[in-house]
Structure formats: C-alpha cells, structure tokens
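For clarity, chains are labelled A, B, C, D and E in written order, and residue numbers in each chain start from 1.
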Amino acid sequence: MELVLDIISWIFLVTGCFFCLTGAVGLLRFPDFFSRIHAASITDTLGAGLILIGLMFQSGGWGLVMPKLVLILLFSLLASTTASHAIAKAALKSGLKPEVSSADEPSEGESSSKL
Amino acid sequence: MALSAEMMLILTMVVPLIAVGGIAAAHKYPNLREAVTITASLILIYLVSSLYGITKAGGVVSVQGAELFSDLALSFRIEPLGMIFSLVAGYLWLVTTIYAIGYMRGHHEKNQTRFYCCFAIAISSAMGIAYADNLFTLFIFYEVLTLSTYPLVTHAGTKEAKNGGRVYLGILLSTSVIFLLLGIISTWYVTGTLDFRAGGIFGEEHRKAAAILLPLFIFGIGKAAIMPFHRWLPSAMVAPTPVSALLHAVAVVKAGVFTVLKVCTYTFGIDLLVSLPTRDFLLYLGCASIILASLVAMRKDNLKARLAYSTVSQLSYITVGALLATGSGALGGAMHIATHAFGKITLFFCAGAIMVASHKTEISQMKGLGKHMPITMTAFFIGSLSIIGLPPCGGTWSKWYLMVGAADTGKWLVMAVLMVSSLLNIAYLLPIPLKAFLSEDGVEKDRSFQLKEAPLPCLIALCFTAFGCLVLFFYPQPLYEIARAFLEASGNYVR
Amino acid sequence: MNILGLYNYWIVVVLMLIGFYIVIAHENLIKKLVGLSIFQTSVFFFYISMGKITGATAPILDEKYELYSNPLPHVLILTAIVVGIATTALGLALVVRIQEAYGSIEERDIQEQDAHDQLECQLEAYGPSSMEISDEQEQDE
Amino acid sequence: MTTHLPILQVIIPLLAAPFCIFLRIPRLVGIFAILVSAAAFLVSCGLLQQVITAGTISYKLGGWPAPWGIEYRIDILNVYLLLLVSAMSTIVLVAAQTSIKKELPEDRHVFFYTSFLLCLTGLLGILATADAFNVFVFLEISALSTYTMIALGTDRRALTASYQYLIMGTIGATFIIIGVGLMYMMTGTLNMYDLAERLPEVNTSRTVLSAFGFFIVGVCLKLALFPLHLWLPNAYAFAPSIATAFLAATATKVAVYLLIRLVFSIFGIEFVVTVLPMQEIFMVLGLAGIFAASVSAIYQLNIKRLFAYSSVAQIGYMILGLAIGTKLGLVATLVHMFNHALMKAAVFLAIGGAVYRIHSAQLIHFAGLGRKMPLTMAAIVIGGLSLIGVPLTVGFVSKWYLVLALLENGWWPVAILVLMSSLLAVMYVWRTVEWIYFTPPRINIDDVTEAPLSQLIPIWILVLANIYFGLNTSLTVGLSKMAAESLYGIFGGVL
Amino acid sequence: MSDLFAVVMLSGIYSLISASLFLDLDAVDVAFTEASVGAGISTLLMLASLKLVSRYQKKTRYKPILAFFVVVTTGAMLIYGTLDMPHFGTADAPVHTHVAPRYLNESMGEIGVPNVVTSVLASYRGYDTLGETLVIFTAGIGVMALLMVSKQTKQESKKLIPADMQQQIILRIVAKMMIPLILMFALYVQFHGDYGPGGGFQAGVIFAAGIILYTMLFGLSTSQEVFKATTIELFTAAGVLLYGGVGVVCMLLGGNFLDYDFLKHDPVHGQHLGILLVELGVGITVASVMMIIFFKFTWRTVKHKYKK
C-alpha cells in the first residue's frame, strides 16, 4: 500500500515540475506580454496544483496535514488566477495592445510588447 | 569702624562689583551714575589705605576662600607688593573717574554705562590679582580682567575698534591660555602646590622643570608686553583716552608686571632664578624690547601711539628688574610700578585733554600749544621728566635702584641698556613740551575758534597726578618702606 | 584548516558589500533604502546561519526530535526585521516629504537646490559689494 | 518599591509616550511630559542614593537570571549619566512649552512631545541596560525618534538632514549589531559582564578583533567622531531648537558612555591598548576633529551650525581624554561630558529663545540683539565663555583636568595643541559676540523684546549651573573619580 | 535599472527568496516574518510611496570610486573576521554550548510552550520584544507626524470616489471572499504562536494586509467608516500600553518587571497567560501601525489628487 501511494505521488510531482518548467520556458521565449503572462499563470495554477496533490499523497493518513494542503490548493488557485487577471487588465488599461497574428498584416506591428 | 581686616580685604573686591550694580541701575540719570562710581572709589581708597595702615603695623591679613578644586582654593593674603599695586589702582581709579566724567561729557561718547560698569569690574579684578595668594586665584582674576577690558577697547563699535579689539583679545587670551595656563598646570603637576611662598616653591630637584617653565611664565604673562607679544598695546589705542589711561597706568599693564615680579620672587625665588640657564636669554630679550620699543616710539607721529610704545619699553624695565634676580633689582622694579603709573597716567591725561580741547592727535600739529594750554603742557613736562627719571620727579629713584641692581650682578650690558634707553626717552618725550612752549608758528593761523584749556575735571585730574609725581620724588619714604618690606617678605637680603 | 565550512559567512559578506555599495554609490533616495534593507537582510543571514546545526530541526519541542537549532538568534532576528521595516517606513515617509519639498528625489538635484539657498543667505549676509572686504568666505559644503 | 527603581527609570517615560496619544490636547501633553521627565529625574536621584550606599544594583527582568534573561546593572557610571540625561530633558521640556509654538504647526505638538519622550526612553534604556542586544534595540528607539524630531524642523533642509542622519545612523546601528553578533558567536552570551569574563580566553582570535572594530566604528558613527560627523551639523542646524538643545546635551554623551562601557567594561583596557593602537588612533582622530570642526565653525553663517560644529570639536576633547588611557584621563572625559551638556544646553536654549523672537537662525539677523534681548544674549556669551574654558566656568574645570591628565601621561605636545584649539573656540565665539553686540541691526528688531519667561528660567538655571559647577566641583569630579575607580577597579587599570 | 517599479518588485522577490532560505536554515518563525513583513508590507509601502514619487530615475553618473574603496575595506575587515569563526552547522560552537541549552531543556518545564522561539521571545527576553514594539510605535508616530493631513482635505476627499476601482468587478468579488479568510488566518496565527511558527508580528502584518487590500479595492473613504484613522492611532498606543501594563501588573503582584510567574497561582499557567497577552499587545500595535502608515500614504495621494 505504501509503495502504491508513493508511486502515485511521484507521478503527480513529476508532472507538476514538468508544467513549472514549461511555464518558465514559456515566460522567457514568448514575444508578447500577454502570452508571457499566460505562461506564468500556468506554473502558478497547474504546476503548483499538481505538486500540492502529490504532497497530499505523501502526507500519510488523514491527520492534520491533509486538510491544510487542500486549503492551500484552493486558496492558491483562487488567488493566482485573480492576480494574473488583475495584471493583464492593468496592462490593457495602460495602453498595451496584444499582438494579433503579426504574420499576415506586418504594417501595424509597432504596437507589440515594449515592456 | 569695627571692620576686621579680613572683611576689608573681601570688601575691596566686592565694593566695585556693588558699584557695577548701582551704575547699571542708575543708567538713566548720568549724574547719579557718576556719583555712585565716585563714592565707590572713595570707599575703596579708604579700605586700601586702612589696610595699608594695618600691614605697615606688621599685621598679617589672609582669607581662605571657597574650595574650588580637589585641594586648590581661592585664597587671598596681603603682602607688600600686592599693597603697592592695590594702592596705585585704588587712588588712580578715583582720578581716572573724575577725568572720565570730563572727557566723556566733553566728547559726548555714547553707551557710557557699559564703560563705567566694565571699568568697575576691571578694578575689582585688579584688586583680586593684587591680593591673590596662589597662582590659581591670580589666573582667574587675570582672565576676568582681560574679558572685562575687551568691551572698553571696542567701545566705539567702528571697524577699527573691532579690529583693535580682536588683536587685543587674540594676543592676550592666546598667551594666557597657551603659555600661562600650561605653566600653572605644569607647576601644579611638578610641585603639587601653587601657593606664593617666600623663597619660591621650586626646590633644587625641580631645577630642570623650572628652567623650562620660566619662559612659559614670562611669555605667558601677555599683559607685561614683552617684545614678541606687545602688539596688543598699540592696537588698543583705538579706545578713548580714559580707557588707555586705565590700560596703561591703572590696571591691565600693572597687573602684567606685578604678576611677573610675583612669579619671579614667590614662585621661582630669587636665588633659584640666578642659576637658571634660560634667565639670561629672557634678560637680553627684555633689554632688546626696551631699546626697540623706544626706537619705534621715536618714529611715531601720533601722540598716543608714541606713549603706547614708551609704555612697552618702561614695562620691560620692570621685567628686567625682576629677572636681574637681586634685591635692589626687585626693589627698583616694585618702585617703578608706582612711579611709572603716575608718570604715564599724567601723559595720557594730557593727550586726552589736548584731543578734547584742540582735536589734535599728531605731535607735529602741537607746536606752540603751550600758550593756550599752559597747565596741560606743564603737567606733560612733569610727567615726561618722571618717565625719563630726572630728579624733580619720582622716576629717578626707581631707575636709580634698577641701575644699582644691574651693577650688583655685574652685567654691564644691562647697565648700558638702561643708560641708552633713558637717553632715548629724552629724545622722544621732551621735544613735545619744549616745542609747545618755545616755537611760535603753526597754531593761530589755521584755528578759527578761540583755543581754550581742557574741561575743568580733566585739569583737576591732571594736576593731581602731576603733583603725585613730584611727591614721589620729594617724599619717597613710604613707597621705599613698602618695597623693602616686599624684599624681606620674599626672603632676599637687601644691600 | 578546512575553510570550506565557512562558505555561508562569505555569502553574507558578499550580500553585505552589495547592500553597502548601493547605499553609498547610488543617488536615488529610494534605491538607498532598498540597499539599506539588503544590507540588513545580510545581517539576518549571518545570525541565522550562526544558529544552525546540521541535521537539527526547527526549535519547536516535539517528542520525535531531540536535536534542535539554537532559538536565540531567531529571536534576535525577529527584532532586527521589525527594526528594519520601521526604518524603511520612516525613510519612505521622508522621501515622500522630500519629493514634495524639492520636487525630486535625486541627491544631486537636492544638493544643487541646497547650495543655491546657501548662496542666497551668504549674499544677504555680506552683500555682493562687501564680499571681498570681509575675511575670505568659501562654501563649507 | 525601591527595589524596582532601575526598571522604573525606563518604564515611566516608556509608558508615558503612548499615553500622550490618548491625551490629545497639546498643552496637556506638554505638562504631562514635564511631569514624566521630572519623575524620571527623581528616580535617578533615588538610584544615585542607592548606588552610593549599596554599590552596584542588579535587576533581573522577567525574573530570569543574568545570561539567560536581560539584566539591568546600575553602577556609578550609569547613575552619573542617568542623572545628567533626565535633568537635561526636564529643563529642556520646561523651555519647550512656548518654544515649539513658533517652530511647529499646532497639530504636530503632540507628536513632537511623544517623539521627545520616546527619545528619552531610548537614551535611558541604553544607559541602564547590561545586555548588548538590548542596547541595540533602545539605540534604535532613540535614533528613530531623533529622525522624527529633526524632520519636524521648519526649514525644508531639515528633511534631507534627517534622511542623511537616518542612512548613516542605520549603518552605524547595523555595524553595532554585527559587532554584537560576532561577540555572541565567539562567547555564546549577550550579557555585558558575562562577555567580559568569557572574552579574555578568545580575545586572540581575529573574529573578536573585527567584532571590536565593528563596534567601535558603529559607536563612533553615533558619536560623530571626526571622520564620521557629517550628519551632525545639518541635523542640529535645521532641527527645532528644542530638539537641538536636547540632542546636543545628551545624545552624543550616551554614545561616549557606550564607548567607555565597551573599552573599559567589556574588552578591558589592556586588550584595547595592546592589541590595537587605539590610543594613537583616538588621539589623532580627537585632535583632527577638534581642529577641523573648530576651523569650519568659524566660517558658519547659521548660528546653530556654528555651535553644532563646536559640539563635534568638544567631542574630540572627550575622545582625547579616553585616548590617554589613565584613570585621570577617564575622569577628564567624564567631567567634560557633564560640563559639555550644561554648556551646549544653555547655548542652544538661548538660541531657541532668540529664534522664538526673530524666527531665523542666521548669524547676521542676530546683529544688535544685545540691546534688545540682554538676558538671552548674556546666556549665549557665558555659554561661549564656558566653551572657551575661561576660569569660573565649567569649561575651565574640564580643560584643567584634561591638560593635567595629558601632562601626567607625558603627552605635553598634545596639551599645547589642546590649549591652542581653545583659541579657535575664542575666534568663533567672539565672531558671534561681535555680531550680537558691536554691529548695528540688519533687520528691524525694534519691537523685539526679551524671550518669554518660561524659556528664560531654564536658560538661566543652566547658566547658573554652568557657573556653580565651575566653582564647586564636588559633585561632578567626585562622581567621575568614583566611576573611574569602579571601571579601573575591575581590571586594575594601566595606571 | 532606471525603472524604480522594477527595483521595488525585485526587492520583494529578494525578500521572498530569503524567507525560503531562512526556512531551510530551520528558522521557521523568522521565515514567516520575513515573508510577511519583508515581501509583503515593505514592497507595499514602497509601491505606495512610488505612486507619490517620480517613477523613473534620472540617469545620473554616480561616484563609484569612494564607495568602492569604503566597501572593499569593510569587506576586508569582515573576511578577516570570518577566518576564526566556528564552521557552519557544527554542534560544539560556543553559541550552542553556553546560553542556548537552558532554553531548549528547561523551557518546557518552566514555560510549557513547545515553540521555544516564542517562549524566549515573550518570556526570557520579553523586554527586548517590548523595546521592539516601541520601535514599531516610534515608526508609526514618525510617519504620522511627517505625513499629517489637515481636516478639510479629509472632508473634501469624501466626495471623491475612486473611479478606477469601480469596474474591477472580478477583483472586488474575489476580494469579498478572500478578506474574511485573511483576517481569520491572522487571528489563527496570533494565537497559534505557542505551538507552531507565528506570533504577534506575523499576525499583525497579515491583519493589516487584509485591511489594506480592502482599502485599496473599496476606496479609502469607505474603509474609513470601519477603521477611523483616529481610533487606529489610539490602538497603536493601546498595544504598547497593554504590553507594558502586563509587565507592571507582574511588578504589583510581587515579581520583577515582566515576570509572568506571579500572574496566576501556578507559574506555568502564569507564563501561558503572560505570553498570550503580550503577543496580543504586539499584534495590536503592529497591525494598527501598518494600517496607519498605509492610510497616511493614501491620504497623501488623495491630497495630491484633490489639489490638482
């Protein structure tokens, strides 16, 4: 029984880390502010979420640690999504337009990310 | 009155301070203010003379004051040299006040209240110096005297007055703080005591320390105006004449040489002084300052400047007398304090009178003034005779003893210097009265209004001091008695 | 003398130097405050790394563990953190007031405006004409 | 009740400060502050009584014994400074009632009084504690409240001065905490006296050396010793006059106390003298501080900056006293700490009184004030004289002991330099005297009258104390000698 | 790095990373405080002051030589000092052998609180924490004195409704959900200090953060109805008085200042009560000071807007 729990938690942890990695790479590689904010929020929600679930399995038994981890998961999902929304909204309000498929209309490409 | 001697001694210092309160209170009514000063000076004269009577009768008066430091106290004791200085200061305060009333009114100077207050403080500190029984008390009153005379020097408030005041304070404070204070603290550290004791406190074992400390003390006493530190005297000429009279004759300068004499006799002791290696150097420095000051005085056309430089040279007489380290040398020095005081104050009163009456300050303008100001000019003549040291005036005795002292030590160079300087005195002092009486031209033509004598109070003061010079010559006995008592007190033999 | 065991102190020293450098070199007032907080944080690391024992756990008494790290540095650092935030808060309030008074938070502009005031009161004191009469008057900045 | 005196000394102002926020009404808070500070003064008198009869008192906070809990240990040195700080704060607070009305807007008075009480708590806390880290906490309290008080000044440059002091003060405090950390690391304890026992075994290691270095640099930054004094002139010049008077009189003295405690109680004089050339370093820095600060004081236009630079110079004297390393040198430093507090509080309060009337601290605006505000200006002059070290004032006593200590240690060239530096003091004090008395007014001060009575009384209490402690030095010198004995007693001093 | 906004954000991240490093060094309380105070409040205050100050730093040449020299000398002194230090993590260093063992061994018996840091913080060295509360109070007083806002600006600003926060619908709803939980978490941390990491400081800061979030989203004037600035000022003083009061009560009951044994008949209970009250005092002071500082900064922005 121990071994099974360990394997499942390990699977979750590895996938969580993989998502964090993709988020980080996305953060660096994406050309535009809004796509980068999208990549960053992936690490926040999916990456952290999976790691937390993996940890739940590690916590062993229904003691005090399990509910705490569940609460952390809920809060982090709630908070991080709102945060990225707020940042994106603030950027939009301060006049930063998202870069719309610059491939076909090269002319109006000047509005792309400056930040 | 049933005042005990100790009470009188304290009163000599307290009375002028009470007078300060009185003057400040009465600053709205000039006559009342002047009256307060005069009564105070009369009381002071009474106290000083009664103290003189007691000490002459052999009574020892001493007061142990407040315990200031761990075992340093404010203590006072009357000894003959202090008696001479306080007598001179007491009498001349009255005379200078009378003169100041005439001068200030004649010259309608402003803020006179400050003048009289500072004057009274200066006198009280002079008394303090006279009666101080240890170097510590003496230093305290020495500094109070410097500070109280500063407002007098910068009385006019003009730019020159301020510069004069700066030089005055700068030199006096720097010499006293750097050399004198260092000397006092070192003596305190080396010997453990600062009291004035017959025969000096430096025993044989402190010979090397004493050798170093002697120049510290001599240069430290800036008020004795030894050559390198004499600049403050000429620069203080900016002040009104009664102040110069105070500076030169009554308090400041006298305090300087008085301290030199006291330090040489009571701290170092005459016999130790003879053997100190640094003494010769200081002796020749004194002689140099006598000669140089007289030469500079000859070149000065301004009357007050000339008198100032003459004071510098006369002071060095007393310092040389002290450093000769013989009985008669110290005796001559002690007597010279009194005779020079009377002589020089007369000359300054005359200079002030000439300034008030004829607004003349340069000697070259004073040809033929004698006809218009006969009394002033005769007093000037008597004063200069006393300074030069010719018979009818007191100066002769003191110079005589100084000469004897120089002869005793066999230092022919000092004797030569004394001779030559007397000649120089004649050269720069006598021509003024002679030109005033004998030569004719230069006075009537350019003077529009009728020349008249100085105001009456000035004349009274003039005559009193001139008369004093004569008395000192014909009746020198009391002065001689005190000077001899000073020698016995300071533990040397008298030839 | 295996000095490798001292690596944590060298990290502290490097952090301290960075913080110190920012405070001294940079002219912007807020940057100075940030530098100051970095300088203080490095002191926190110094204290905490002093109290750590390898293989020990946090000083919360529990049956399962016996080896605990030293609690005293933690207490001292709790105080130091609060002192640091207090100084930063006061510094920021001062920066806000300086911005209102001087219009800029660059030390260079502030010094120019101060020197200007100094010159004004100097002219008033000695007046242009009498500048050379009075004794020489160099700025004491 | 009397067993709790040590903690009551700090707790009374500590709890009073937040209570001021509840009182809300400025006038009420002002009076409350005076009562609190007076209570603190009474407690320190009680402590003095206890320490003299029963020797060192120890108070365990929270009931835990020394190295584990925090301990208050009061000996002669602590009580001497507790007395000084609480007395100064009471007097300054009395003058604050009217003075801050003209310098601070109405709604900020409550916060000013609260910051004042917090600063007082911080200083008393540093003085009373025997725990190294506790010193840092209370140092930070007094520092933060000082930044607030300075920043409340009217001139906009007060803000930059406060900011600069904040940066340098925090760096200083952080250096101190690094020093404490290094010492804690090598000995494992924070109690000063426990440190003193455990340090000798490890004091050859380089960590303790750098701990000593950091602590010294941190304290010297707080002390405004010469190269680290850049924050002081601006901070004192643009702060409200009351804040300047209080800080000038106490803040730097507490830092000097920290230095003495560090050098004598924690590390011991042997370590300090042998391992590092601290004597030479302190002597050179002290002298450099004296001369540089005095020279720049001469050229100041703002009178507060002038006396702020003079504070830096006077601190140089204290450090010089420490540099001598003998018992008498320590006595000279302790005496000068007390005297300097008296002098500076009197001068800055008097300047506060003048600023209350003419709303400006520029020297030229003080021209001609001598006639309009005689009493306040007389206070500045007497304070100035005391700074110079004229006899009959407190400054003379500390200069006397400093020179005596220097001579005893054979450093006579340093003694001469110290005496020459007092000439620089003469120059900048006389520059103010010339402006105040001898120059016609620059701004119209016809309607200017004397400073209000509520400021004149504290000013003149301090001036009379300046003179009284100049005459009767039993309290100051007596206590300092006992303190020096106790400090040297532990380690059998170099002497 | 001419954009100060980036500088402030990076300093926030720096504090967060240092908090996690503290955690690794077994300093759980310190990590919690560093995260909440260092990353939370100080970044917040810097952003608030950035709103009032010009955001972009002028590119000015700064003087590196003097700074470099001073830094190198201090660095040399430090490196010189580290050579004789006990190695990192060794158990026999003097620090662990002299004073600390008593805290670890006897604190359970004497004070009965598992979290030794809280027991040392509140009881063994309780006076330090009182001093520290006073430091926070002094900073509060300083900011209040410096950033005073006159009465009439407060009245005028009531009419000013913060337009930009109106349409942040999502934020306001999420905030409505989050804020009560934040406040409750703060209280949890406050009273959980004895058993796990936590205590007065962290609780106070979290409580203040909750209120500040509310003020930012729903506008200053609305939050002023709930938390009037004048009452908060009184609370800053109340916390310190509570802490000092507990100490004085111990004195009246016969022990030394801050000696909690005398609070209850049984010393350990007394310690519990004492630590609880003291932590509450600290929590109140820290929360109200942080709130007051934020209010004063926002009043300043309102004052600027009102003046324009």
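List of remarks:
Here is the rule we go by: contacts are C-beta pairs under 8 Å (C-beta built on N, C-alpha and C of every residue); 3 or more make two chains touch, one makes a residue touch a chain.
Nothing here was measured: the structure is a model prediction, and the numbers come from that model.
Shared contact partners of chain B and chain D are absent. Ranked by distance of CA centroids from chain E, the top chain is B. At the far end from chain A, in terms of centres built from Cα atoms, lies B. The highest number of C-beta contact pairs joins the chains C-E. In terms of Cα centroid distance from the overall Cα mean, chain D ranks first. Remark: chain C and chain D have CA centroids separated by 24 Å (rounded to whole angstrom).
Centre to centre, using the average C-alpha position, chain D and chain E are separated by 31 Å.
Averaged Cα coordinates give chain C a centre that lies 18 Å from the centre of chain E.
Spacing of chain A relative to chain D, judged by their CA centroids, is 58 angstrom.
The set of chain E residues that touch two or more partner chains comprises 78, 82-83, 85, 93, 95-96, 99-100, 103, 125, 128, 131-132, 135, 138-139, 142, 146. Of all possible chain pairs, those that touch are A-E, B-D, C-D, C-E, D-E. Across the complex, chain C meets chain D through its residues 20, 23, 29, 32, 36, 39-40, 43, 46-47, 50, 72, 76, 79-80, 83, 86-87, 90-91, 94-95, 97-98, 101-102, 110, 114, 117-118, 121-122, 124-125, 137-138, 140. Those residues of chain D that touch chain C in the shared complex are 133, 137, 140, 144, 147-148, 151, 156-157, 159-160, 162-163, 166-167, 170-171, 173-174, 177-178, 181, 184-185, 190, 296, 299-302, 362-364. By the touch criterion given at the top, residues 77-78, 80-86, 93-100, 102-103, 123-128, 130-132, 134-135, 137-139, 141-142, 144-146, 148, 150, 233-234, 236-238, 240-241, 244-245, 247-248, 251, 255-261 of chain E touch chain D in their complex. The touching residues of chain E, counted against chain A in their complex, run 164, 168, 170-171, 174, 177-178, 181.
Note for the complex: chain E touches chain C at residues 4, 7-8, 11, 14-15, 18, 21-22, 25-30, 33-34, 37-38, 41-42, 45-46, 48-50, 52-54, 57-58, 60, 62-64, 66-68, 70-71, 74-75, 78-79, 82-83, 85, 87-91, 93, 95-96, 99-100, 103-104, 107-108, 114-117, 120-121, 125, 128-129, 131-132, 135-136, 138-139, 142-143, 146-147, 195-197, 199, 201, 286, 293, 296-297, 300.
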